[in-house]
Amino acid sequence: MKKIIDAVDTIVDQALDGMVIAYPEYLQRVEGTSVLARRVPKGTGKVGLVSGGGSGHEPAHAGYVGYGMLDAAVAGEVFTSPTPDQVYAGIKAADHGAGVLLVVKNYTGDVMNFDIARELADADGIATEVVLVNDDIAVQDSLYTTGRRGIAGTVFVHKIAGATAEEGASLATVKAVGDEVVANIASMGFALTSCTVPANGKPTFELGENEIEMGVGIHGEPGIERMPMMSAADLTAFLYHRLVEELALVPNERVAAMVNSMGATPGIELAIMAGHLAALVKGSQLSLEKVLMGEFMTSLEMAGASLTLLRLDDTRARRLGAACDTPALRVVTH
Amino acid sequence: MKKIIDAVDTIVDQALDGMVIAYPEYLQRVEGTSVLARRVPKGTGKVGLVSGGGSGHEPAHAGYVGYGMLDAAVAGEVFTSPTPDQVYAGIKAADHGAGVLLVVKNYTGDVMNFDIARELADADGIATEVVLVNDDIAVQDSLYTTGRRGIAGTVFVHKIAGATAEEGASLATVKAVGDEVVANIASMGFALTSCTVPANGKPTFELGENEIEMGVGIHGEPGIERMPMMSAADLTAFLYHRLVEELALVPNERVAAMVNSMGATPGIELAIMAGHLAALVKGSQLSLEKVLMGEFMTSLEMAGASLTLLRLDDTRARRLGAACDTPALRVVTH
Amino acid sequence: MPSMKQVTFRDLWQRFAELVHENKSVLNDLDAAIGDADHGSNMDRGLEKAVEALNASPEGSLRADAKLIGMTLMSTVGGASGALWGSGMLKFAAALPDAPEVTWADFVNALGAFVEALSKRGQAVAGDKTMMDVFLPAMVEIQAQLSDEESLPASMVRLADQAKAWSDGTRDLVAKRGRAAYLGERSAGHIDPGSLSSAFWFEALAGAVGQQ
Amino acid sequence: MPSMKQVTFRDLWQRFAELVHENKSVLNDLDAAIGDADHGSNMDRGLEKAVEALNASPEGSLRADAKLIGMTLMSTVGGASGALWGSGMLKFAAALPDAPEVTWADFVNALGAFVEALSKRGQAVAGDKTMMDVFLPAMVEIQAQLSDEESLPASMVRLADQAKAWSDGTRDLVAKRGRAAYLGERSAGHIDPGSLSSAFWFEALAGAVGQQ
């Protein structure tokens, strides 16, 4: 394992301080915690948004703290959900009297730790709601199991729920909007290489020179199957058709898309996927109104990509296009 | 070689179209060329800025096309400087009657191809100037050789010269400002892994599990030496002290810095470097006024990073902070 | 009726921490196969802190120790196991009398509260391929042992062996809860890491009881 | 006085393109050691297009062919070698009479213009570890051959061998120009890729002249 670090157990702490060094206009660290909150807090009476999870998904989640998106991000150890006390510190930092929405990716660890934090907030009289993101369609949903995982589509929830909160909507409304986004996103990704969890020191899995892991999770969890490597056209089509089917998109509907790098995949490869995506969207007579392309939800240095589709309506389209100003996503309106 | 591509020889062409798909508000492709130009061109009478070079450095260079930075970016094959006809097409796209500044990284191929393009522009009556960027201090300068390479510091030239052009300055002034930036930047990087040039199909070099290539170029060119892997603290200090010495920075001077990923290095590792950087800057009693952290000038999927320091004065600081709106760099002023 | 002294309780956690530490990469590797490769690191991080906290805390009651362990695990482990072990141990503490020595029955009762907290928090049932596949049958055994004549040390050694076997038994299961559940059928063929660390807890218990 | 027909000139470029294509990864590997691993890909891309363009172009004059080659290389190779071969061949064309067959003296004269263009564009001198380390001595030899009695085919075979040796000789040099110059002393010990592709050009010339 070759990484630019000093010691495995100080990675997250050091990285949090480093984020503040790099983005002092945006971020401040809540003293003694692993919470990064807005440098300039939102006005009183507006709903706060908190997200978080294990580290190693940069720019998620602190990269989305700022005007129009999150109020605080809570970081756990690499790929390990944060503990309830940390989440609770995030809730307090984000509370401006109108309650706090927690955007949680559907992993047992995250769900339980955020739940315990909510119990703490409850005892302190801070109202909270949760939006549970489960956009990864690689994993079959089932009543009997944990359900689907949350992956890159989470960023759309941050953006649209964040814009709603900025408008001054109530906690119930912001939650409802978040849930609606979740109901209209689907994502799926694949890995060309594994990542190496620092505390583990070796790649989580091994792939042959001609193999990919299809439907991989964002923590190096295995996906649906090992497949032979495919062309960019085939990879994009493979994901795209499943997403369209899952969302039951029909001609003339409007969509936004995200072409997300797992970490190591270079920009030119994402752009090639974006090109195929546009052609596929055209082929299904959908209207592609927005593409987010780049690193949004990574898995350390994993090579690979994920594709997300979001069904748009007027309101979601407007909120997706609303101004925001965060370290990782800035929408400039003219 | 496992890459998300369709065929080696269509990579750049497809990626250029994909960039337009992802950033339709910012970019358009000049028909039949490898030039991406601003969707909404700059007003008449303002100096145009063109940069470019081989592909594989994304978001460089098309990522910097937009308000406050470049007017057109010219893409060559992966790691191969673009041909004169393409550069010339870029010049024509960027010309709004006040001449065009070419920001060229100091590589023989780029220099010669941009020179030939200038001869073509000259014949057509378009005034051009060149700013030659040679910020890589790993390579010793010498009158008898090609001089130093241009690497990530180039982005500071785009930003500051771009802001100057947007102010309505003359071609001579924009060039002078660009040259002044070049005189005040120094960069150096290292690689933890090699990248794989698609046309070549295998890693350009091999590094042992405990080896790094110090002073590596952005095309996988070897650097100054193989060194054993170091801690983040030592790596940052190694680069930092050389940069400070090269720029002869003295206490109380003001600097901006860039912590640039070579491609695969995750955000947390960059943030750890940023933390060390801030401590080092403090130790030398310099004032760190701006940090750019992320992927600015990559080498495909190479793991590693580079550090750039830029000496600031009032004017450069103001222009660095001026509003800009491009795919890869957006400065929102409030 | 046997009892448990505070020193034995601390010894149990010291042993548990050591077992997890020694098997950190074994646990990570199991997690790599069907999860995210961090279960060993998570438990090790938390247990190291918990033992540190115990050592720094004046001796008083098992209940205070259990609460300290719960709070420490809750705030240092993270992930699914942190929430489970953390809330479990807090309930364990709440169920214990506040004394430097408790009866074996008190201890078993508190363990019942622990397992109940896990069920509530995690919603896993037997066969879901989680740590419950060790704790649920172990609870039955340890309760049965209460009325048994077999010596406590011997029965705990037997329980530790059984726990190891129950953990091994998760290999054939298809996960229904936790991160491994996302794999569906592909989760079969690998031991659940949380069940193995749980078996270590029973190994530690046997060791501590054997020394008392 | 020997001459060169258009068919021979085209044959030369056909052969050159084939040699580069066959040795594409050899050239890339040499470039990987001291540059950016693309010299073979660059030259191959351009030469394939140049030969395509020649085949699609009606026969007329060597000058038109040379110009077509220059334009094609200029707009398809890229990098240092694209600028050099491109501008070199345009000057080569300009120096040739506009005829379907030129004298050998005309050809050598045009080659002089080619080398001069390379010098001007690239500023490299002998010993800088570039393609000039083949073209500069080759120019001296080929000019001397003009007044020699040795048969042209035989002397071109000898020149091709010499070109190979000159290319090999770049191994010991420290690069002063081009991307390899950034390596300083570390550039020694590797053959310059551009010198080898240049040697292929002389091999192609010998082959074409031998067939004519």
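Going in written order, the chains are labelled A, B, C and D, and every chain counts its residues from 1.
The definition used in the following text is that a contact is a pair of C-beta atoms (placed from the backbone, for glycine too) under 8 Å apart; a residue touches a chain by one contact, two chains touch by 3 or more.
As the structure is a computational prediction, the values presented were derived from the model and not from experiment.
Each chain gets a centre from the mean of its Cα atoms; for chain B and chain D, those two points are 32 Å apart.
Centre-to-centre, using mean CA coordinates, chain B is 54 Å away from chain C. Mean C-alpha positions place chain C and chain D at a centre distance of 75 Å.
Residue positions of chain C in touch with at least two other chains are not found.
In chain A, 78 are the positions where the chain touches two or more neighbouring chains simultaneously.
Taken chain by chain, the contacts run in an open path, each chain touching the next and the two ends left apart. Annotation, chain-chain contacts: A-B, A-C, B-D (touch as defined at the top). By the touch criterion stated above, chain A contacts chain B in their complex at residues 2-6, 11-12, 14-19, 21-23, 55-56, 58-59, 63, 78, 192-193, 209-210, 212, 229, 231-233, 235, 259, 263-275, 277-278, 288, 291-293, 295, 298, 300-301, 303, 305, 325, 330, 332. Chain D contributes residues 25, 28, 32-38, 40-42, 45, 74-84, 86-87, 121-122, 175-179, 181-184, 186 to its touches with chain B in the complex.
Of all residues in chain B, only 9, 54, 76-86, 107-109, 112-113, 115-116, 136, 138-140, 144-146, 148-149, 197, 199-200, 204-205, 217, 219-222 touch chain D in the complex they form.
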